[in-house]
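We just call them A, B and C in the order they show up, numbering each chain from 1.
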Amino acid sequence: MLSYPFRHGLGKVFALLSLLLVLATLLPACGSASNNSNYGGTLTVAPSPTGDYTRNFNVFASGSVLSGTQGLIYETLLFFNREDGSVKPWLASSYHLSNNATTITFKLRSGVKWSDGKPFTSADVVFTLNLIHNHPAVDYSSLWNVIKGVSAPDDQTVIVTLKQPSSPLLWYLGGQTYILPQHLWSNVSNPVTYTNPNPVGTGPYLLKSFSPQLYVFDRNPHFWQPGKPYINEIRYPSFNSNTSADLLLSQGSVDWTGLFTPNVNKTFVSRDPVHNHYWFPPNNVVTLYLNLTKYPFNTLAVRQAISAAIDRNKLYNVGEGGYEPPAHPTALVLPANKNFLSPTYANASFAVDTAKVASLLQGAGFRKGNDGIYVDKSGKRLAFNINVVSGWTDWVTDSQILASNLQAVGMDVKVNTISFNAYYGSLQTGTFDTAISWTSPGPTPYFLYNSMLASTNTAPIGQPATSNFERWSDPTTDRLLQQYTSSPDPAVQQEAIAGIQKIMVEQLPTIPLIYGATWYEYSTAHFVGWPDQQHPYAMPAPYAYPDEEIVVLNLHQA
Amino acid sequence: MRHLLRRFGFYLVALWASITLNFLIPRLVPGNPAQVLIARLQGRIDPRAEHAMEIAFGVSHASLWRQYFEYLGNLLHGNLGISVTYFPTPVATVIGQDLPWTLLLVGTAIVISFVSGTLLGIIVAWRRGSRLDALLPPVLTFLSAIPYFWLALIMLYLLGFVLNWFPLSGGYELSIAPGWTPDFMLSAVQHALLPALTIVISSIAGWMLGMRNAMMTTLSEDYVLMAQAKGLPERRVMLTYAARNAILPNITGFALSLGFVVGGALLTEIVFSYPGIGFALLQAVQNSDYALLQGIFLIIAVAVLGANFLADLIYVALDPRVREERS
Amino acid sequence: MQLNEGKTKARTAQLMRLLVLPKHNRPANETTRVDNIQHTVQRESRWRTAANWLAGNPKVAFGLGIVGFFVLVAILGPIIIQHNPNAFSPDVLQPPSAAHWLGTTQTGQDVFAQVIVGTRVSLLLGFVAGFLATLISVIIGLTAGYFGGLVDDLLSLFMNIFLVVPALPLAVVLAAYFPFRGPLPVAIIVTITGWAWGARVLRAQTLSMRRREFVQAARASGETTFRIIFSEILPNEIAIIAAGLVGTVIYAVLAQVGLEFLGLGDVTIISWGTMFYWAQNNEALLLGAWWWFLAPGFCVALLGAGLAFINFGIDELANPRLRKERRGRFTAPTADLSAQARKVEA
């Protein structure tokens, strides 16, 4: 019956009209702000092999919360880009740190909604912070050590008062605290054990489906950034080991991962050189911690000798397969922290200098014994251990290289590969000789310096130290750190960091070895807009939060 | 009957002993789950928060006895605690998620391995002295001497990655939603083929050799001789007279293996990224997750002891001589 | 997985022997102490028979040859290699060549040298752990079997507890919690998880031996318990113990390799297992570095096979029915069996 009219020209007009009608109804549904073909697509992400998933979207469950919860579902007030130290307003449209750094005022963005349609207001921020206060088990950044009180004079303003001046708090408070909806979480009896199976957030994505081997997000139609996100769906398959993830990466079934892949050129890039890329920007400094309470590490000459004997290029090329270049003597993460680099040390670098080693040790009263090992005036041999976790294979190789470097110049060094528990326990209680370990970075060098050198972060031998394992306790360092904390003025902060750089280079409280890298592999076969060396707009690994959100928002179909 | 009761009593004691053992072992070691998490967060934590975390994780500084009795009490209520690795998911949920996959894969593989191995053993014994007898046992023995994970990795690489005959990882095709649909079940079978194949190859030799040896001994029994003298067909003698008796120890072994199914798939899961309880165990160990560790060990102990008891029952049912000898 | 399987199956053969063999068909190597001369004469001829039989049995000869070869490599190997297995070099991931017979690793180390040096560690660990486990199983099994009663009940309980705890998960837990890593913890763990089966088998065998005439006679003549157990009963169980030792060594080698693969051994020591660990962590297969992966695996498989072949022989030595008759002498299987049966009855 329908076919009859089409035989005439009129029929053709009808057909055309109905086609137009259909298109007209379909088009608006495609995307309100743009008829850009960039829209759509499914992104497959493999953050790291953790095995099967459990349905856990609790932002506080730091060890086991599912990737994407922090950032893609729940958001922060500000976004700190750790690759260049810049700050972007996010849920807060602006912030202000008072001159004495004891009050922070946030102006919240208007028009933001929770994914269930309720409006986002300052009450949610206050609620979140008070919740953290009431449950110290989730105060991972020790916010309430510093915060005195929180108040919301109106729906769009939050005022946070501090007990002592602290500009660094902004990073933890603004960049690492995820805001929760008061109207849903006020009913939660124990936020520590709540698994939050059906998350409601302000972020660009919603939970679509969950199974232990795969969970899927799809776009949030109420998201506050107009026209975003571009990508329709994000899939997270589970993996038990790096091997299977590597295999899938090689096959092209995954768009984005953060894996340590040996010989990444061969396993990944060479399989599709046009689309397969990687970038491993440095994010922290892998350091040799020396127990400064033990002889002979309390002698500066010995520390300098050890540092001068280490072949960092070998660590870089052999131990780390060419991924993690030698660190800078100031322990700054470069190029991310380049704005803070003191001109005095702009061209400083580590170099192997065996002659210097000899002169330093001899100057300190050591003589070489018959077995080639240095002996001090009292006859004690220069012998010690390096502790490393036996599962961290690249660091085990690094330790072996270190040991051979040091043996060659006359120090009897053994590598102790131990379990994580034993390793970490010995670091905390200060029962180690030396150990290879990471440092805790942040958007500026302050965070690394503070965790590594502040005397508040250390403890006597036998007591657990938070992070200053080497037991460096120096009034000048503390004063400089304090100088940084108490002023929001960049010039003052710069001066403080410059002062600490001098201490780092001249006194070697710890020995920087190489950079720790952010693992990041991606394919441009389906999506473009990735961060890379020329566009370091966020920390690029899928396990970096909330940076994962920033990256996803920037991606669109190729 | 008394014999069975005695065995049952022993199994209860053994269960209690296993529970106590796996309660003790992680606690005799320094470190606790809160510390592991802190390390993962790179140390950025206040001692007060650490203390609060310890409470949340159930890390107790009470005396060992007190912890032990609390633990036993919880067990009787079916409360296996909260996992630290998957915090705050309860241990029972984690195990419930993972266990079916292990049971399915390893259980099926073992059944296949047992049946094929036993059949092969019968055939080889039947044709003793032939080329098959000279060839098959050594070849299969060599295969079973190969380290399992090595075999698995090579097969994964060759058959999965290079030849693309099998999927590379996972329990099922991720684009299919889990459920009792034919699509999903087909995909699950497809993903289970390669892991199961490796398990079978690795373990078939044992079954075959055991059956072969048992058959050879049985074949020289008087009643077999009698059956042959009576003029019964060869196949009948082999199967109904010899094999039926020879299979006895193998069946016991099979029942025992079923018990170990629950605990034994760790290497398979790692190599094939296959869902299951073995990987959860490894993670529990690495994260000092006492609750999850204990939960998994409990399940394993119950399964193994249950299987042992089953084996005893089977043996008593099948072999009248045992009943007479033991009672 | 496979660790338990191999054990279980090997011992099933022994169990079967105990339970299926009717009493009067037991091998003719059990005599009474009373007839010393006859006993000695029979022993001697038994050894000679064994030697002759060995010469005619290719499987066992092959097995002994393999194991002997590895022992030789373990002893002499580290002396004759030309590269330092620990030395890093710039020749990264090279395939086998004249300079590096089995290629190099991700850090430029020579794979051939590593395999040779690793033989010593792996073999030593396997044999020591296997021997220790067997020793423990002999002591406990024999004691439980001989004394019976309460001693037996307690020891049985002990044995069975170790049997029901699954080996690999327990090994993983223990290895992860040991404060230090290395061959010693691995050996200890392998020993702890490996003795129970042999003990159970020996206990069963001893229980039946206990009622034998020669034992009764020994007790009547006032021999000490210790002598009865270790000089009377033990020699009659040599075959089972030997088969158990070989089986346990196989288990020890495989378990050790498995644990080291998981990273639970000392990864700075070179052994076959740690080679796997490093190869796996550096994605050797994915990189096409098959030589790194193949070499240690092949060695383990070969050693395991060699040991298993030796076990074939021991099984046949202990149970004449398993011996392969030579082809051509008999025409049909039926005739073989009856001939075998008649041979033993005589």
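Criterion: a contact is a pair of C-beta atoms (placed from the backbone, for glycine too) under 8 Å apart; a residue touches a chain by one contact, two chains touch by 3 or more.
What you are looking at is a predicted structure, and each value in this text was computed from that prediction instead of being measured.
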**Message:** Applying the document's contact definition, name the chain pair with more C-beta pairs in contact, A-C or A-B.
**Reply:** A-B
**Complete:** Of all chains shown, the one whose Cα mean is least distant from the combined Cα mean is B
**Message:** As a quick test, compute the distance in whole Å between the mean CA positions of chain B and chain C.
**Reply:** 22
**Request:** Could you tell me the distance, in whole angstrom, between the mean C-alpha positions of chain A and chain C?
**Result:** 50
**Message:** Please tell me the distance, in whole Å, between the geometric centres of chain A and chain B computed from their C-alpha atoms.
**Reply:** 40
**Asked** Residue numbers in chain A touching 2 or more other chains?
**Response** 243, 247, 250, 391, 421-422
**Fill in**
The positions of chain B in contact with two or more other chains are 29-30, 153, 161, 270, 286
**Residues of chain C whose C-beta touches two or more other chains** = 176-177, 179, 280, 285-286
**Prompt:** Any idea which chain A residues touch chain C in the complex?
**Reply:** 242-243, 246-247, 250, 261-263, 266-267, 314, 318-319, 321, 390-391, 393, 396-397, 400-401, 415-419, 421-422
**Message:** Residue numbers of chain B touching chain C in their complex, please.
**Reply:** 10, 13-14, 17-18, 21-22, 25-26, 28-30, 106, 126-129, 133-134, 137-138, 141-142, 144-150, 153-154, 157, 161, 199, 202-203, 205-207, 209-210, 213-214, 216-222, 224-225, 228, 234, 245-246, 248-250, 252-253, 256-257, 259-260, 262-268, 270, 278, 281-282, 285-286, 293, 296-297, 300-301, 304-305, 308, 319, 322
**In the complex with chain B, residue positions of chain C that touch it** = 1-2, 4-6, 8-10, 12-13, 15-17, 19-22, 25, 59, 156-157, 160-161, 163-166, 168-169, 172-174, 176-177, 179, 250, 254, 257-258, 261-262, 276, 280, 285-286, 293, 297, 300-305, 307-309, 312, 315, 319, 321-322, 324-325, 327, 333-334, 336-338, 340-341, 344
**Message:** With touch defined as at the start, can you tell me which chain A residues reach chain B in the complex?
**Reply:** 49-52, 54-56, 58, 61-64, 135-142, 145, 192-195, 209, 211-214, 235, 237-241, 243-245, 247-248, 250-251, 391, 420-422, 424-425, 428, 438, 440, 451, 457, 464, 466-467
**Prompt:** Which residues, counting only chain B, touch chain A once they are in their complex?
**Reply:** 29-31, 35-37, 39-49, 51-53, 55-56, 82-89, 93-94, 97-98, 153, 156, 160-161, 168-172, 174, 177-178, 269-275, 279-280, 283, 286-288
